[in-house]
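Take a look at the structures below.
Both of the next two complexes hold chain A, though its partner changes from chain B to chain C.
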Partner chain A sequence: MKRTLLSVSIVVAAAICAPAQTIKVPESWDKLAAKADDVVNVSLDKKMLQFASKFMAGEDENEKHLVSKLNGIYVHSLEFKNEGEFTESDVDPIRTQLQGPEWIHIVDVHNKTERENVVIYLKMVNNQSLGMAILVEEPKELTFVHLDGPISPGDLSDLSGSFGIPKNLHVSEKETSKPKAEIKK
Partner chain B sequence: MDHRQEDQFEYQLKSALHRQEPPNGFTVRVLARLEPARPEPWPQPWLHLPSLRWALACALGIAVFAGGWMFQQERRRAEGEAARQQVMLALRITGAKMQLAEARVRHLSER
Partner chain C sequence: MKFLCLAVIFISCASASAETGINTVVRLLEVRYSVRQHGIPGLWLAKPFMIGSGVSGMKVAEFPKFRVLARDTYSLRQQVEKCLGPEWHPFMEEWSKADGEWSLLLTKAKDQRISMLIVTSEHEDGVTVIQLNLSGRALREWVDEPESAKHNSASLR
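So, the complex of A and B:
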């Protein structure tokens, strides 16, 4: 009985301590990173974000607010010297994880000429946005961004103009309930 | 003084000035009685005062504590700055990719 209780406690503790990132980047990305010219791996959990927000004195209040309320920021970006260094099989595991009912894609652009795929997903639970994921495939670049936490379209509007986020970006809550743009060329 | 008296006087003088060996242990006793030469005492340095010694120890302790605290603060600040840089980098990449998405959507919509 004691042993069972201990096992349950360990499982519960492990679940509590488990990283908040729900989307796992496939292991093949580690091999790709070895081939890449430029690798960016940012993995900041809630604790680190709150810590970082204390040092954002000179930054915009909206940025600070956004950073402090997120549960995590995870960015994986690989830039290669040559084209064709990665294949669909490197990206599919991420796409599969984003096919759950809570993930909706608000932007989905496939450009065969430029050989670019840009997909932006929003995680909607009970009509509340609880995360955003961006998956971008370019001929020489592969990027996956996951902003975990309550990030509303309003937050994006507040940040528009900062960090290269397009200006006058206004997405209403209503618009996020269905795919925003899906253009396949 | 006649000749006889002179001889007697000379005899007395000779016997008086006759060399006599000192008794055994005389040299040792004399040397033992001599006071050993003490070195001139140094002036009492201020460092030897107990209260000053304590004060100095306390000041050193405070300095070490303050140094440690400042080192911790500096390390914390450096870690915070690194975390801030990471956040900025992440948001810049996010922004750049959103800009790319917007450009593609706009470009394709205009066609």
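So, the complex of A and C:
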């Protein structure tokens, strides 16, 4: 009985202490990072975001409100010297985590000219959006962004270009009313 | 030998004072790599130039002839985080193979103040550890463009 109680306590404690970031960056990205020319990992937790939001004012009011609600912003970016240094199999572990019932694939853009793919997933729980995941694939660059917390697709433009999030990301509410909409770039 | 080294690092981390910071990281680097830090004499002379920049309380330690190898950055980062404890939050890590540069930035929020700890390894300048306090405005600039944070830190030296 004691052992069972101890096991239950450990499981509960582990669940309570689990980090807020729910999407794990696969181990294969560590190997990719070793090959990459430039690696940037940005990690802003709730405490840091709330602190930063206190100093936003004026024209940043929307962004301030948005940032103060988020639980975290996590950006992982890899830039390679040559093309073809990463494959779909390196990205699949992230996509797999976004296949759950809570994640909705809302945007999918393939730019043939620039050979750029952008996919955006929205986390919906009880009809509320509780997170967003953005995966940007370019011939020499791979970027994964996880915005943890209440955020709507229309909010993305407020954060784009800040906090290490790629610039020029914008999704209109109309476009997200149907799955796999288009993104303006 | 490796076990002995790990034991020494563990003991040095465990014996660190409750307030962790630049000294914790300097001690870790000295034990882990058997190197000695060089202080920067007359750093106080730079203080007037920092007025208005939103940066205060800067402390710097340099290891000019030492560089962190690429294969070592992962385990060093883990040890730095372990030694500093949970109050320090890893904010950003950047590695540039072409320039042979590695930077790790950590932040600590306490009493309406943000402290930042920067560990950089550069091909020309070696390893530098910087601790500073940021005003709200400076923090906003650094958080807005994390990638420029490393360059900001270089300009502070």
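Methods note: the second predicted complex is superposed on the first by the 142 of 185 C-alpha atoms of A that agree within 3 Å, B and C clash if a C-alpha of one lies under 4 Å from a C-alpha of the other, contacts with A are read in each partner's own complex, and residues count from 1 in each chain.
Just so we're on the same page, a contact is a pair of C-beta atoms (placed from the backbone, for glycine too) under 8 Å apart; a residue touches a chain by one contact, two chains touch by 3 or more.
On a predicted model such as this, the values are computed, not experimentally measured, just so you know.
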| item | value |
| --- | --- |
| Partner chain in contact with A:Val42 - chain B first, chain C second, else both or neither | both |
| Partner chain(s) touched by A:Ile134 [first = chain B, second = chain C, both, neither] | first |
| Partner chain(s) touched by A:Val109 [first = chain B, second = chain C, both, neither] | first |
| Which superposed partner A:Leu142 touches (first chain B, second chain C, both, neither) | neither |
| Contacts of A:Leu98 with chain B and chain C, given as first, second, both or neither | neither |
| In the superposition, chain B vs chain C on chain A residues touched | B |
| Touched partner set for A:Ala33, first chain B, second chain C, both or neither | second |
| First, second, both or neither for A:Phe51, with chain B first and chain C second | both |
| Intersection of the chain A residues that touch chain B with those that touch chain C | 40, 42, 44, 48, 51-52, 54-56, 75, 162-164 |
| For the chain C and chain A complex, residues of the former touching the latter | 70-71, 74, 89-98, 107, 109, 114, 136-137, 139-140, 143-147 |
| Of all residues in chain B, those that touch chain A in their complex | 77, 79-81, 83-84, 86-102, 104-105, 108-109 |
| Touch list for chain A against partner chain C, complex | 30, 33-34, 36-45, 47-48, 51-52, 54-56, 75, 81, 162-164 |
| In the complex with chain B, residue positions of chain A that touch it | 40, 42, 44, 48-49, 51-56, 63, 67, 73-75, 77, 107, 109, 111, 116, 118, 120, 134, 136, 143, 145, 147, 156, 159, 162-166, 169, 181, 183, 185 |
